[in-house]
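Each of the next two complexes has chain A plus one more chain, namely chain B in the first and chain C in the second.
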Partner chain A sequence: MLNAVLAFIYQNLIEAPSYHLYLEAFLALWLFWLIRQRKKAEKKKRLTQEEEQLIINAWQPKPLVDEEVTNMESYDNGGIWGPITGRPGKTVEIDGEKYLNVATHNYLGLLDSQELDDAAEQCIRRYGVGSCGPRGFYGTVDVHIELEEKIARFLNLEETALYSYGFAAVASAIPSYAKAGDIIFADEQVSYPIQRGLAASRSSIIYFKHNSWENLQEELEKQRETDKKNAKKAKTIRRFCVVEGIYTKSGTMCPLKEVTDLCKQYKVRLFVDESISFGVLGRTGRGLTEHLDVDRKDIDFISGSLEHSCASFGGFIVGPSYVVDHQRISGLGYCFSASLPPLLAGSGIKALEIIEQSPEIIQDVQDKCVYMHQTFMNKLTFFRVTSHELSPLKFLSLVGSKVLAYDVIKDLIEQVIIHVKEHHKIALVQPYYLESEHELPLPSIRVSINRLLTYKEIDSIAAAIEDVSNSINLYDSVISNIPTQFEETKADMIKSYEAYLKWKQQNNGITGKEALEQDEVFEPLEIAEDSAPKKIADLHSRN
Partner chain B sequence: MIQVGGHGQENPNVHWLGSRGMWFTYLVVMFALHLFLLSIPFLTIPLAWTFTNVIHNTCHFIFLHMLKGAPWEIQDQGAARVLTHWEQIDYGIQYTRTRKFLTIVPIVLFFLASFYTRHDAGHFVPNFVTLMFVLIPKLPQFHRVRLFGINKY
Partner chain C sequence: MKPFDNGCIATNSSRGVATSSAKPTTSVPSSIATKMKIDRSPVKQIAKKPALTNGHVVNHNHNNHVIKPKTKVDLQRVEVKRREQRKRAGESFEECTLWDAFCTYLCYAVLVLVGYVNDLVRPRTATEQNRDGYVPLYASFESFYTRHVYRRVRDCWNMPVGSVPGKYITLLERESKDYGWTFNMTGKKVHCINLGSYNYLGFAENHGTCAEAAIKAVREQGVGTCSPRKELGNAHHLDELDQLVARFVGSEAAITCAMGFATNSMNIPAILNKGCLVLSDEKNHASIILGLRLSRATIRVFKHNNMRSLEKRLREGIVNGQPRTHLPWEKIFIVIEGVYSMEGSVVRLPEILALKRKYGAYVYLDEAHSIGAMGPNGRGVIDYWGCNPKDVDVLMGTFTKSFGSAGGYIAGSKELITLLRRGSHAHAYGTAMSPPVAQQILTSMKMIMGEDGTDEGVKKIRQLARNSRYFRQKLKQAGFIVYGNDDSPVIPVALYMPTKIAYVVREMIKRGVATVGVGFPATPLVEGRTRFCISASHTKEMLDHALGAMCEIGQQITIRCSRLPIRKEEILYDDSENEDVE
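So, the complex of A and B:
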């Protein structure tokens, strides 16, 4: 038997052509060599002792806590303010002292509302304090579903995904759609959560000029040209566009209509973050889409937050079902984070009900936004309002910001804030930015609107800032801090200020707005055209 | 059961071919294919071997060297979108056990097919060509290389 097999094999080999035998021999040798190969990862060369020492010496240990973070903490707590007691509603109690609060986000003044407290209390009695798990893992409570449905109905969209933290919502929604190899067009002034989302997506990011849809069109056109050259690659790329309704970092308003049209035209998916504008803009508080009359069906998802106007906590993504449903399995902040505590969902529901039932509070807050804008425009000599008139966040930039050093502006503004705190009992804040921000904005004072502020109180805020600016000789500090290479600007500023003082003497008691308009140098910060005041006299007579 | 994120594996393609019992299953399926071909009446033994080899290599080429990405929603932010399955195995580390197994199998199969076809030139050509199709992309030098830009995107 064995002999027969061997004879068969032998016969076979004899008859085989020689090229075949050589090939088989080569393959067999190669197999033998392959089996003897070690894993590449194991083949690390051992370092000599000197080399090891070199690497050890070169190693610089990083601090356990990032320096950026420690700086921020010292700025927030140690610098100006002490610990806060009680809730930061219309007034805030710091170190036993009460201040008028325009530093925190509470646009509709719902934080002081008893109804929200009651709703939260009911939820605590029913469900306890926490939800004890992520949404997909025993953390879903009926109030979550109710809130999701309510938001979707409120915006007339199909589905909502509720996140437990506003920051996490947009930061995990973006990377759940955009992946490596995709392209995201984003406004250069998008907020930090969006920047985090963009970074986590690993897509290539193309920033376009702030609020410039013309620039966006240029970038889209450029991309279309590249795509034409390499149609095969273009087929595998998904394209997204990310904008904010009202920008958290500047208070400006997005030209959403044009952006939506462009996205449609160039087949780009559009994400809009309405954290600030939700509950403030539009006739009934449905946000920028209502204000500019944009069809919400053209937007792939709208992200928002309950932390700004709704006086609760958490973030949400709302849009068509086939878009939003995807996040329930791939939105990392949704899957791997404990869900929103039911009491906060409960107060979120109540807040939405209040907004739905009483659209007059939306009108009220918008009136006050415009009034505050006009008041700041008229009464502040050394600060320019750079935000949109309907924005609930007002950004006040110091004159000469363009030529001053970053730290100098920051210190000067801090001086103003400290004096306003001490002499006028008003809590102002300078928004803090991390140095790793994409476009680091210049330091400014951020005043956020609260519906409960009276027109008189708004006046008093403006008066306080103006009074402090004069009493600490802000103008002299600005002038003396201008670096030498800007001598010309300095001279121009001095000249225009003298002209302004002269004019003020002649027209005693009238605001300095017109004087400022005489000279462009005195308004070194460009302001958007649409933020110019309209009916000043009208607004003043209302008081 | 292959699960995304199970046991710390973000991409199941990295390890499932090297999981327990996989080699045995692989060989059993191949053997079943061969038995099936042998059971077809008009196929001679040499033809059945050549068909086994060609079918095996074709599947091998399509699933390991042509299709890219992974069939799951994996949480690597699209890193595997540009990689074939072969390139994803063991995070791209060369000469691992799984890689060796997957290289040895087509070669041994080629030996067998050559032997049973009695080194016939007509059978040699399809057997050898398909073998080259599955061996060349496996060489470490061809890791993440797309010859002539084929299958690049």
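So, the complex of A and C:
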């Protein structure tokens, strides 16, 4: 091979006319001269020691923390609640008072379960607290393997990678597959851990409209057009799609069936985050795939968290071995972090066992989800339920949110929460978002289901919010805070409010069906395509 | 036919290579070439200018273990003396010889070649089901490496453990019938001395004060928290933990997080922004690098623990300003670790602080492996060097190691912590720390601080220092190539070849010692090593057993080929701290 090349060059040299050789020699010399000139010029441009010192002396760093932050206080627990004493279960004790807790993600009420504590205690007596090493270096305890196998068997998939933190699971998993140059299609309302994962992957991110598979299809089609122009490159670009089962930021449900079909059609790999829906949805708590009857084989991995319905700790990635095994060598948060403390793995195993052995608790929690949804729909005049009826998280957004300033809504909602705390002893929470969110959601009240709540307690939550909204004249505050450019809306709102008051006078005491009718009268604002009315109709059919 | 699918063959070939590699390194004087090599070795070069600028200073005669009678001393002098002793405490990092590098490359080359032949003759690849027509999920080299190189030595990692990772550890034996593709449990248990876990102070225990306190926490507060601290996850014990950590490290305030990795990767983006320049040590941990990348600051890397390289980068950075626009940087951060877990080196903090003052930079110090484990009071490298904690702008550390728990903290000025309470991703979205985990930290930290009314903590710190020195000196005396600082509890021993790494790990386990092997991609290709993590719970007998085993193996595969002068006098198992300060 090399010989042939040399021979070829030699042959050419001999055969070339001499002027050609001269010309080439001249060109080479000229090139050499040019490069030298460049270097000289650069040397001239370089600063002298003194000049450098001048610049260095002149440089002034900004303070470590900007002034404006220095003047702000920051509070935990929403700035409303003091630190918790004891167990944050169905009731939570704060500053010597007991409150009904619908603020934390304890959907199945397992945090109050003695069995989980027993499992944890047994593990401490066997393994101590920490695992003192990453999974690779003597940090793989047998309970980890057991938990991994259990999750995989539970979802009927091949393999699980267990992470020591729910946040880290999906945030590490995405960048271990998607690299620079790849394309990720993501729902615009994906949760913050997913956003971090997307950022760390350095792929190009294409956001599609929330829950709109039509829009996803458009984006995919657009990409297909681009691919046609450069077919060779397209063959090396991996494509991914990331959605959540139940969205952490809105409590809405993903149309997974349609998304899966699209992904299959366009040969896009699909990642589904079931942090919220795992253990709640489906007939036996196996998540959204069970609820919508989607074949889990069509999904490349499902990520989840043991920190919500399982009331333990850790996150996981579950899927076919071909995909998940890769986590064990390149999931950053998996390889370079100490493994989950064994006691937390132990309680995770117990939680899964409880879910597996008693599907009736899943049915129970779902019934309560629906009941809570209906109750909020029927009883709340000033809040609109924007989440799915089966979602364990109920997002209550204030009427008029769309025209009010962000801080005003936040303050008004805080007022409601404070008064509910004072007068009704119920712990509500306003979800906390950082400003760096991709789509900063509007402030809202988030109520989480807890299986241990009684139907009466659910009624009392709705009644409390309604009562407080009336007693602090919430609606007046809303109307008076509407900025001037929305005069029309304001007039509309006042009109419909008057209609509502009249209606209320006529019907003392609201019953379910009437409330629904009332809902139609009293809602001039923000009837988004997919929100209330349609769902109310659904509810009707259910009843 | 199963010609190459054999882990054993790899080991055998390594032995072959290893014996030949012995020649030039041990039978030194004969060849001129080797002499020249020794001349060029970094050891000598640096010996000329030991004062500043390089992490690889070697100094051996600082510590002659003669017990002197203790007299009354004035405390200040003791402190000064201690500090001087630290400065002298050597750090060694012998470079790989050309021959070793050649052998290592050869070893990889053989593995790759065999892999190719293997693929040709009998391809065995895990294939993906029902993903026809999709773009392949993995780059082809990546999967080649895992299939043909990593698979052969896969049994040396991820070993299942069936006990507390204390001074002993129980491994559950696995076997592979298909050369590393899959493993089955044999049901047998192997009891080993644990030199692999980060249990520096020996707080990983399943009984005693810490464990009982943790169980009490489970009973009272449950296991989960189900909420981030920003929403409704903050509890009294977490506030207490924040304050205790601040007191422990000597800063104004602190914030804690439930995972050490996330403490870096989810807090750094809240501190840095796009207009910042970051000077990052080349050996920094993955979590730091991820955090820096997410912060979108400009990252420049300087040579490991090399002050000259750092200063050069600092000057360059300030002079050139931001790329393209040449605007001056908003802030400059020096990001370093206390003890580097793969190198065993200790950061040269006083010099870094001097540079920081000179150029007006900020320092971010990750004390994951040093907090609790270094310094006479266990307060990390700051304590070790006798620096002022207020001089370091951001103090980070984890609870996974010395405290036998999980999680991490960031400590610093009140303003910084306020900033993090508002903007930290972990604080806003990550679930709050589990009560028993927090309780373990509270109990063990109080013990280290002596607030439990015993001197248990101080004893542990002393014991760890003694164990580390003894084990390291002994290894050096036996002629192993030992990396890092004399005082660090992390003790890496260079092995270079992947086959040797696997051999050492397997043989040590056979001899009842659990150690960690580290190779590519966690280290550079030619710098494979095994690593010992010393714990305060080890006794002299345990260490001696491990040393004996190591020497035996070293004899077989020629890894005792350090070219440094070897100390002749016997190494005593003593509290060097006390004895040097007469």
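What we mean here is this: the second predicted complex is superposed on the first by the 434 of 543 C-alpha atoms of A that agree within 3 Å, B and C clash if a C-alpha of one lies under 4 Å from a C-alpha of the other, contacts with A are read in each partner's own complex, and residues count from 1 in each chain.
The working rule: a residue touches a chain if its C-beta (ideal position, glycine included) is under 8 Å from a C-beta of that chain, and two chains touch if they have at least 3 such contacts.
Owing to the predicted nature of the structure, the values given are computational and were not obtained by experimental measurement.
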Touching partner for A:16 - first (chain B), second (chain C), both, neither: first
Which of chain B and chain C A:62 touches, first, second, both or neither: second
Chain B versus chain C as contact partner of A:290, first or second or both or neither: neither
Comparing the two partners chain B and chain C, which touches a greater set of residues in chain A: C
Touched partner set for A:158, first chain B, second chain C, both or neither: neither
Partner chain(s) touched by A:121 [first = chain B, second = chain C, both, neither]: second
Chain B versus chain C as contact partner of A:329, first or second or both or neither: both
First, second, both or neither for A:188, with chain B first and chain C second: neither
Chain B versus chain C as contact partner of A:27, first or second or both or neither: first
Chain B versus chain C as contact partner of A:307, first or second or both or neither: second
Where chain A meets both chain C and chain B, residue numbers: 200, 235-236, 329, 332
Residue ranges of chain A in contact with chain C within the complex: 47, 52, 55-56, 59-62, 64-65, 69-70, 72-78, 81, 83-89, 92, 101, 103-106, 110-112, 116-117, 120-121, 124-133, 135-142, 145, 164-168, 177, 191-193, 196, 199-200, 235-239, 267, 269, 297-298, 300, 307-308, 310-313, 320-323, 325-326, 328-329, 332-333, 335-338, 340-341, 343-344, 347, 427, 429, 431-434
Residue ranges of chain B in contact with chain A within the complex: 73, 75, 77-79, 81-82, 93-96, 100, 103-104, 107, 110-111, 114-115, 118-119, 121, 124, 128, 140, 152-153
Chain B-touching residues of chain A, taken from the complex the two chains share: 9, 12, 15-17, 20, 23-24, 27-28, 30-31, 34-35, 37-41, 175, 179-182, 200-202, 232-233, 235-236, 329-330, 332
In the complex with chain A, residue positions of chain C that touch it: 126-131, 133-138, 146, 150, 157-166, 169, 171-172, 194, 196-199, 203-207, 210-211, 214-215, 218-236, 238-239, 258-262, 265-266, 271, 285-287, 290, 293-294, 315, 318-319, 328-332, 359-362, 393, 398-401, 403-406, 413, 415-416, 418-419, 421-423, 425-431, 434, 436-437, 440, 514, 516
